[in-house]
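Note that the chains are named A, B, C, D and E in the order they appear, and that numbering of residues resets to 1 at the start of each chain.
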Amino acid sequence: ADPIKIGRVVHMTGPAAGGDAVSHTPNVKLWVKQVNDRGGLKVGDEMRLIEMVEYDDKSNPAEMIKAVQRLATQDDVDFLLSPWGTGFNAAAAPIFAKYGYPQISVTNITDEIPELSERFPGMFFTLGSTTGFVEGLRDTLNKLRDSGAIGNKVAMVNVADSFGIELAAVARELLPAAGYEIVFDKSYPLGTADLSPVVKGAKAAEPDAFIAFSYPPDTFALTEQAIIEDLNVGAFYTAVATAFPAYAGKFGSKIEGNLGAGGVNLDQEAMKAYRAAFTKHNDGPPEYWAAATYYAGLQVLEQAIEGAGTTDRQAVTDFIKANEFDTAIGAISFDEHNESRHYWTVGQWKDGAFNAVAGVGVPVGMEPVAKDGWN
Amino acid sequence: MLEIRNLTVTYGLHKALQGVSLTAEKGEVVVILGANGAGKSSLLRAIAGISEGDVAGDVTLAGASLRSLGADRIVEQGIAFVPEGRGIFGDLSVWENLMLGAYPERARARRKQNLERVVSLFPKLAQRRGQTVRTMSGGEQQMVAIGRAIMSNPDILMLDEPSLGLSPLLCRDLFENLSKIRETGIGVLLVEQNAKQSLAMADRGYLIENGRITGEGQADALLSDPAVQKAYLGGV
Amino acid sequence: MTPGDPILFVNNVTKRFGGLVAVNNVSFEVREHEVMGLIGPNGSGKSTTMNMISGALKATSGSITLKGHDLTRAKTFENARFGVSRTFQLVRILPELSVLENVIAGAVFGHKRRWGAEAEAFAAGLLERVGLAERITAPVGSLTYIDQKRLELARALAGEPSVLLLDEWLAGLNPSELKVGIDLVASLRQEGRTIILVEHVMDAIRSLCDRCLVINSGTKIAEGTPDAVLSDPDVIRAYLGEG
Amino acid sequence: MDILISGLLLGGTYALIAMGLTLQYGVARIMNLANGEVLVIGALTAFLVYTSLAVSPLVTVLVIAPLAFAASWLVYRILLLPLVRRAKNQGQLEVDSILATFGMGFFLVGGMVFIYPELFAYSYLAVPVDLAGTTVAANRLVAFGGAVLIGLALYLWLNRTRAGLAVRAVAVSPLAAGLVGINVEKTSALAFAIGGMITAMGGVLISTFITLDPSFGVIFTMKALIIVIMGGVGDIRGAIVAALILGVVETAVATLIDPGLTLAAAYTIFLLVLLFRPEGLFGRRPA
Amino acid sequence: MMPASLRPLLVAGGLLGLAGFVPLVADGYWLSIAVTILMYVALSTSWALFSGPTHYIALSTGAFFGIGGYLVGLGMSDYDQSFWAMAAIAPFVATGLAALIGWATLRLSGVYFVIFTLGLAEMIRNLISWIQNNFLGSRGLYVLTDLDERHIYWMLLAITAGVFLFGWRLGRSRLGFALRILGNDEEVARHVGINTARTKILMFMTTGFVAALVGAVVAPRYYYIEPNVVFSPELSFIVVIMALLGGTRRLYGPLLGVIPFTLLWEVISVSFPNATTMVLGLTFLLIVYGIPNGITGLLSGFAARRSA
């Protein structure tokens, strides 16, 4: 039988390349290999192999749009995988919709889910909303505060890009409402070479918790500075890349107790199996956040195609909406806004692993504990 | 000393020089006269190794061929060149320019003597040693350029229209100085518009027209040649 | 043409570059239809004076006025519009423009403005005037040195300036070309143009100038008819050299 | 005090980024837009050797120097010299070198993605050091020391040696340099190669405290260009002073006003410097 | 009889009319290539209007383009403005800013100007982000409109036509002549009476206006505006490279650069999906070495050889 053609736009270089290379690409490789090794996808009575068609957009949305168009109209791919990043998913949505492709978006965190899903009925959301994220963080802080580990004073910094600005804006509403006092609130530009003034300033405000809505390079830099400055807080939170193996690779045991965006439940059998397979296939473990969810998205697509028994895209989309799927992150289903309300929001490093301590509709791996110094 | 045989310079399709042969000895001043565009500068630039065109023919200095050498090696062989537009380091001081003039290996040992020579020729350069050359007046810059070339301790000094823009007084000084330079044993190959004054102090001269040598001779003979007078001396 | 009333007034102008006084308290007037020579040793401040009149440099103190317009503090382009035109000591041709356009450039934005067909006709006339009529279609890169000088002169004339500044316009010409050049300036003089001329060529100064100003080290040392100043002992000592 | 120390350290980082480019642009007249990529290559090498062979970056920096020198030399001789020879004027060369090195930058990024597409970071000397009451990271201090050493060596080389003199002469006027017996092409190649070497060394030192991925180069290129121009093209002192000023100003603004405004402050300084000294701090006016 | 100078105008008008039909025959992929081409044609051509004659390599396209996109996103997401209102406002904001920047920077010349404009996108992105962060707050800037690629194409076509018309008029105007003189020799330009500062600022403003307008018009295509994507220094470079590739001496030069370049880029992306960046880099190098004077230079070279 003919193979099933699946298209994907990759950011090989440019600002979005690092995220793509960690959270998406190795998963796609793993998934394609697994499926093809067992003979392909079962569509009706046929076993059909997967054939990937990929283009590089160099993190340029105009290029991505062209590439998606090309996949849809020139390569006539049967399905498309969602690109990496909130903005890229938004830019791709109209084309996915125009040609009726289901868009199981993962690395796409937004509060506009209802509007988007109404506009693009085939667009699915799996990694949560902005508000959901901050709520998870708030709840984690609440638990720590209730246990007496931290007080009310929060120092907050954010990278001055859409992602950071948006999260910080939500936090400025939710945290004071929960009785927190934001004693330090600053942004810094993307690509700042030296974050020591930021950490020094935060430390001078004597906070109980430090929250950074940060991007990968600054997540590393903030943590390093906090170690240097010995910023001793009961809760130390950094956002994107805290869940990356490279984070632990750089800091080793010093980050014990650090909080960050994401996290997974390492006790789940499915998760264990996924992580083992990933590690074997890619010579290293996956990161502890979006990678598993992205893989889960691939599983949703796989099960929907097999379940619908056809490559008819409308049928597959309908199947996704109507059913529950068994994935690496557990059972997934979508609500009336196509949102999967099964995601983790906050993780914490413990014994060299990043466990989820807060989530929506999923069991957490452990309860948060206070961070106890940088050792 | 310096011998040029059958030199041809072409810019694209345009032949600026055709089969030019000439010589210059140590301790003599040779002047080259010719109308604008005759090819005088092209000749000197070809000898100095900075021609933008295609060069064919022989250039030898004391029997050694210079043809395939770069500008830097030619300086080492003993030819110093002051091009039109002077070729100085405009953004450096007078003194730095002179010191750089002594960059070639051959010049380093005699740096002090040469410096004394330059300062006695152009005392103003010592007064203005710290001035950035670009801010100097036209004539002052010309002094720097010649000074710089003398610092390279050349056997042959080539000058392209050195009197351009100099006051009458300085002009006369310049030609006197060139005589003095000749007395130190340096050969001078000079392109000049100021035919009267230059022939007056030169030993020999060549006439160039449309890229070819059309005449040569002892300076005094040329000076009294009616044809030369008509073409280059304002038809007195 | 006989000189008329003074139109350009240079009053106590001084120009300092850091510690160096390039022009020191110089004053003079230029009358309409007059050709004034400005001579002096190298580095005496001639080009600097020209630059202050054209607006390329601002005077440290003193004032310059042309027909009631204050040139001292004005921008360079304003000086041009008030009626100053110049040529440069090192020729400055606009290499990417045609010969004709090079001249039109002087006619469009300056003192008397023309545009379109009128400017073209006027520029063509000027090219003929300076003897470049045949080269009108030649690429500018192929112009000989004297033709470039002619072209620059035509450009300077194109704005019909009240005063024309020629900074060593004759330098670098060989004796026969020099004759052509002197004749050309002489014909401008015949037309009654007002010109300030900086030259080191004494034949030109003698035959072209109504009056001469001599500066040395930035200071005016003599003023008068060419014959008078060129036989002035101070001038001979500082500039011409004895004997 | 705090601000001054942190600012100077940051300035040291900037100097590492910019010193190489000032040679390449000032002397060899190549506006090298692949400068940042060379830096990242240095950093990536340090990371790979550190994580796979456990070799200290302080060793890597010495090993990479001759390699980067040789590679840059070749790039100049093979790829850039034809452009230099062809250019009729400085403007033409500027345009050509912008285009060519932009292409090289692309090529290098693409190559690095093949080798290691992800973020890379490792921990080296990430320990606090007390410096006049301010805590600073030891690795930044080491990098600063490296910057000082490299800057000093370069300065001495330029001002005390014959080759250095030739380099400075070529920076001012290639034509005149040829006439005083300097081999302009060789000297330019030398300057370009040393520039590449310094940049790669800077990359190694910076990798001890900055997290990068292969696409980061452009950020460094822009910083470097700004510093080079601010300092005055071709003047090594200028680049160093400009780097330090930028470091101190950015730190001061981040500490006293708002970290969000550091880049804006940097550009404001850049603009102010150029408005009051269009030739740059130590530069000479373009002729 | 028609005057010779109107001929190119009619030809251009005809081509434009034809171009208007593209969305009716091309769809999907080809349409999005067409949109990309038009976007770059408008940007490169307007860039060349200023930088071509003056030789000032402005790398500010990304900055003004970003302002256009960003303001549209901001206005629509946070202030409930319509797309049309924001698309109308944005270019004027950019023009004002260009005037300010031009006033401050055009005293810089050569490489100083190049570097400053290169940093401009970065600086504006930071300032805007900072303002948004501290004073506006936001929930992501979505540009949700009902415009599809066809509409964007037609809008871009109108802008491109406007740019060409403007360029054509400019070529015949005193301003255009002043620019050419200025590009040859600024000193001479001042001495023939040209207000060089004003001339440069006016043109810089024009370029800023067009770039912002294009940025605003293509914003609906991106749906979501991220500062670090719309303020892209890479865009500035690509625009310059395309214009130089085509040649800046003629109004249609950039057009001749954009079309082959975009198609070549496309071919490379498709043929080397795993090494696009590397191959593109090599291609840049080949272009620099192989086509030193741009495509118009190449063409006039052919023409000269034929007539010789």
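The rule is simple: a contact is a pair of C-beta atoms (placed from the backbone, for glycine too) under 8 Å apart; a residue touches a chain by one contact, two chains touch by 3 or more.
Keep in mind the model is a prediction, meaning the values are calculated, not measured.
A.B. asks: Say we pretend chain B isn't there, which chains still hang together?
C.D. replies: one piece
A.B. asks: Counting one step per pair of touching chains, how few steps separate chain A from chain B?
C.D. replies: Between chain A and chain B, the shortest chain-hopping route counts 2.
A.B. asks: If you check the contacts of chain C and chain D, which chains show up for both?
C.D. replies: Where chain C and chain D share a partner, that partner set is B, E.
A.B. asks: When B-C is set beside A-D, which has more C-beta pairs in contact?
C.D. replies: Comparing B-C with A-D, the pair joined by more C-beta contacts is A-D.
A.B. asks: From the C-alpha centres, identify the chain that is farthest from chain E.
C.D. replies: Comparing chain centres, B lies farthest from chain E.
A.B. asks: What's the farthest chain from chain C if centres are computed as the mean of the Cα atoms?
C.D. replies: Farthest chain from chain C, going by C-alpha centroids: A.
A.B. asks: Take the average of all CA coordinates in chain D, do the same for chain E, and state the distance between these two points in whole angstrom.
C.D. replies: That gives a centre separation of 30 Å.
A.B. asks: Taking the mean of the C-alpha atoms as each chain's centre, how many Å separate chain B from chain E?
C.D. replies: 51
A.B. asks: What whole-Å value do you get for the distance between chain A and chain E if each is reduced to the mean of its CA atoms?
C.D. replies: Here chain A and chain E have centroids separated by 35 Å.
A.B. asks: Can you work out the whole-Å distance between the CA centroids of chain A and chain C?
C.D. replies: Centre separation, chain A to chain C: 74 Å.
A.B. asks: Please set out, as single numbers or ranges, the residues of chain A touching at least two other chains.
C.D. replies: Within chain A, the residues that touch at least two other chains are 12-15, 59, 160, 187, 189.
A.B. asks: If we use the touch criterion from the header, which chain pairs count as touching?
C.D. replies: Every pair of chains in contact is listed here: A-D, A-E, B-C, B-D, C-E, D-E.
A.B. asks: For chain A, which residues are in contact with chain D within the complex?
C.D. replies: 12-15, 17-18, 21-22, 25, 59, 157, 160, 186-189, 191-198, 200-201, 216-217, 220-221, 224-225, 227-230, 241, 244, 246-247, 249-252
A.B. asks: Please output the residues of chain E touching chain D within their complex, sorted ascending.
C.D. replies: Spelled out, the residues of chain E in touch with chain D are 55, 57, 104-105, 107-112, 114-116, 118-120, 122-123, 126-127, 129-130, 133-134, 233-234, 237, 240-241, 244, 275-285, 287-289, 292.
A.B. asks: Note which residues of chain D are touching chain A in the complex, please.
C.D. replies: Residues in contact with chain A: 2-3, 6, 9-10, 13-14, 51, 109-110, 113, 117-123, 126-128, 135-137, 209-216, 219, 223, 247, 250-251, 254-255, 258-260, 262-263.
A.B. asks: Please give the residue numbers of chain B that touch chain D in the complex, ascending.
C.D. replies: 48-50, 70-73, 75-76, 80-81, 83, 87-92, 100-101, 103-105, 107, 132, 134, 148-149, 152
A.B. asks: Hey, which residues of chain A end up touching chain E in the complex?
C.D. replies: Of all residues in chain A, those touching chain E are 10, 12-15, 53-56, 58-63, 65-67, 69-70, 72-74, 86-87, 89-91, 93-94, 98-99, 110-112, 115, 119, 130, 158, 160-166, 168-170, 172, 187, 189-190.
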